[in-house]
């Protein structure tokens, strides 16, 4: 009802994409221009104010020809029902707070509302301006928090690494099966760093190279610990080591855990399949089969493979997602769908681009 | 009417994808699983007979779970109204001929029916088994032959290089503006070579390398000459030099021509825009702006840019397509749409995957 | 003395490169054509018999213009003092045995003589033809076995993954500091698979993709366990998971271990630096600094970085090598240098190619 | 004599590398650390002042451990005999002028002294501060200007594109065989743009993409025209269109020319081979064979292939170089060798890194 009242003349939800020219923003536009229930009415950009979307991204010309505008809350509010905020960390807070205050629902794709505890946020980012929203915001991992998402005003869209890690380990933690430390050796394509102008992310530096970075000290670790801890109903720890792969899209997360008890392949399969019984976008592969990032390039799916090494007493779980889709824009659209009671897959039907 | 009669119980056209596990085949499946007017009823494969599509390409699991079967005409014919043949050159002829004989309409994606002249076919491939079909087949470049395509039984889907070259030069040849030889310096991603197991196409050989191949002696040259000659209503010659780019998808074709008379940017713009007035998938950029292959990755568009060098008396035209979409599977779907009187863009609405 | 007597007229060691046109072979030629103490007198190839090296690899034309010949022991033996065997696994055994029998010294780059235990070889490969050589062969990791290498007739050049893993963990195992299972999450470029014509290794499949393979069941695991077990003077186990990176050269090995006692950064630094005190090609970085594969592209170095996570009680060790140099051809030259009492770095002075 | 007198205590030429941390600078260091006749005594950097070379590029640690210093002429002059200036265009002029004034010989790798005509320089860059040096500087293409280079105080090292283009076309222009406009369709790896922090050169933008840029308006065109005009002893014009390849190193230049008279393959071969008779680094392939960029990756060679298309009356010439070696640092070392009467290949013996 709320959305029905606030919708525009054509009966479609009026949506803003704030930060429309970053990689997450343009991916939102790619997905949203095929979403049958919404209408994009506002697109913002800092760098390209006054240009049309199609001038910056020719692939979107004729699909979305809005003018890119700066973010002026008073001008935006009357023209939208809902906003995606795809803005840099730490600059998102005030804008999101202003929109929520004016009655808009928001999916925020930055890290600004993902951590519930202001102290942990302060430790990894800086002091938080709007701690009340930190408490209110729902962590937007639909496979776990779909009920709260449906009612939320503010959804904090998960980080790309946490999405891949939490989906791979949550079924185990939910059953309190994990003994000791979970090791997460993650590998990501370059778009995870956003539309970057640093030497480190230049082609000449990244191509024909492979490296680890932020070894054991990455901001996504507390996010993973928060979510797996919640699922587990107890504090938990992970060791998280991200690596940079010379490719644009994709995260492969290789995870190593010891189990409290020995489980056969069938039991593990049943455990995972039950946990994701109603999940539209999670697919559990047969034991011993593992996903590749190309299986999900451009799609909103998360594929999960696992192998139990009885002789070594270790379970290996590998997940693959597209960091820009399930790890960002696609998951944001999925969250919007849940918030408005629409089919979860609306706007997210596209298969992966192979090869 | 024809299609209404032949359609299956759900009123959708029953479609076969022959050669479904090659790159063109799997791209057809990606596009067709979102096409609202058809139903895939047969998928064939040589290598993967007996497996399901989703076993070979996890990205298609749950989207198309048909069993891959060998091509047995008698078994296939009763279950289809229409076929895409994405088979290797020289093996396609007999299968396509058999389907046509049994009243099915076909879009053939091989080179087997593209050349009208059996002697030219014989020179570049081998002696042709079904020369009557060579004469009947319509060259499936919708921007030029849409009327004939609409009525055709057999459409020969163009090669990827010819699509990029002909779309870039046809407006000039149609006005007989080209003086002397047209030079076509083309660059393609690796999927143009198909799902290949040669050392030459292995990652270690192609990555961090750039080369020309088949310099001036590529099989696509006669196809380009046939089409531009037809448009020009006179025999014409091109010099065609292809190069291999270390990327998966995309063709960029840089073309150099002398003009019979000097034309300003405005006249050239008008010429191109008029020629492609009704074309859904061709976009002419402003003078001096040039496309990149990423602008069309995964989409069915062809972007055209040009610059007239007055002092050097040369026109440079650059086109960009995705070789697997507008250069193969997408164009094949576009041809099917025209054959059945459907909107040309049905099943082809997706924007490019950026980045 | 032995080498002085057997050397050719120019006083240089006469060297054969068997399997000269595979990636390891051509890398041997690149290095050996700059080695001042040897002369290449025989190059063999299966695929390119009768061609000159420079016809197959233009980069070597004018540097090595020998004719590629088939391997005929009787014809080769009189013309060489020493052989590098860069042949496929399982075909190397008989050829190496024949050369050893005729008094030649050999560095074998296949897996055929790396495992001391014929049963373990049989489990991972097949039954071994020459078990006496399996016992005689010295595992050619110079940083550990330099004394035995100096006297060896037959040196089994280590695998690329084992080189990266063992160099990273040996100092810890030598002190029996590792508690429980060592986890080795390794990432390799594509040349590790050799000059391959499989679809799986084609550019279109590997590019813009990342995957794990042979998860926990790779043939290099027993090799790693053998060497670390020897260093440790006790049987040990590792869990080894390799991944394929879309790049040509380089291995990055990320390793996770628990320690028997807590060690500070200074102690760990001292431990590693002492262990590699006399190693020409191993460089230990300052605590918290980690290598990238590009730091060693084309060079024979192994860089080691580590970080102790006190709160999580885990040590992370990361090593980087070029799989074709320190992981294959470079290490083989290093072994030859030791076998003849030459400076270890002869022929291996080149710095990495950046970028 | 000059060099003997000015050399340091160890009898080696004392060399400065100004701009040592850009890609050209680090490539100079890679080559020079293996050059037996020189000693690097000064390395400068703007960004990394106070660090050691090995801190910035671990691959050079232990090979060159000098401190990076700012450029202060008075401090540098007493410690050097010779300088490589690998500085940004337009900032090089004053520094080079100061060094020349103080009696040092210089190879300048910027564009600042390549164009003889101050007006042309002003048109493409800005007004030139030191036009007298513009007239004095020798264009450092050794295959053409070796005599002048030997005596020069100041050598202007050619651009990467001009090197590839001029070496491919000079034999034809020297014989005045070219009719009309020469078309140069060039393709370069990303390091040609230097160590860049622009979004345009970021991995996510360049990878899986191909584009033309500065179409027909690139600064290297006047340089090519100057050199080919000189060789031809008459003003000439070229149409130059560069493209960006998703790879780090390499230029492939595809060139199209009409000839004044028809020449057979043998005549063309003889023409090219005679012209490059004494050239150490140019290799002319057999007619119909074409080079790939990987053939020269890391080496100072230029490979030339050609095919005469009699029926179309066009000659296709394709050249391949490594833009950082023959297109920059390697050619600079070659120039230094000529300036001091040393063997041309000193320090440049390395074969290409394959693959």
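Letters A, B, C and D mark the chains in the order given here, with residues in each chain numbered from 1 onward.
Everything below uses one rule, namely that contacts are C-beta pairs under 8 Å (C-beta built on N, C-alpha and C of every residue); 3 or more make two chains touch, one makes a residue touch a chain.
Keep in mind it's a predicted model, so treat the numbers as computed, not measured.
*Asks:* Using mean Cα positions as chain centres, tell me which chain lies farthest from chain B.
*Replies:* C
*Asks:* For the interfaces A-C and B-C, which has the higher count of C-beta pairs in contact?
*Replies:* A-C
*Asks:* Where the CA atoms of chain C average out and where those of chain D average out, how many Å apart are those spots?
*Replies:* Roughly 36 Å, centre to centre.
*Asks:* What is the distance in Å between the mean C-alpha positions of chain B and chain C?
*Replies:* 46
*Asks:* Can you check how far apart chain A and chain C are, centre to centre, with Cα atoms defining each centre and the answer in Å?
*Replies:* Here chain A and chain C have centroids separated by 41 Å.
*Asks:* Mind pulling the residue numbers of chain D that touch at least two other chains?
*Replies:* 23, 191, 204-205, 207-208, 246-249, 291, 294, 297, 355
*Asks:* Once bound in the complex, which stretches of chain A touch chain D?
*Replies:* It comes out as residues 23, 190-191, 193, 195-199, 201-208, 246-248.
*Asks:* Could you please specify the touching residues of chain C with respect to chain D in the complex?
*Replies:* Where chain C meets chain D, its residues are 23, 26-27, 29-30, 33-34, 57-63, 191, 207-208, 248-249, 283, 285, 291, 294-299, 301, 303, 349-355.
*Asks:* Tell me, which parts of chain D touch chain B in their complex?
*Replies:* 181, 183, 185, 187, 189, 204-205, 207-213, 215-216, 237, 239, 241, 243, 245-250, 252, 254, 256, 288, 290-294, 297, 307, 309, 311-314, 316, 318, 355
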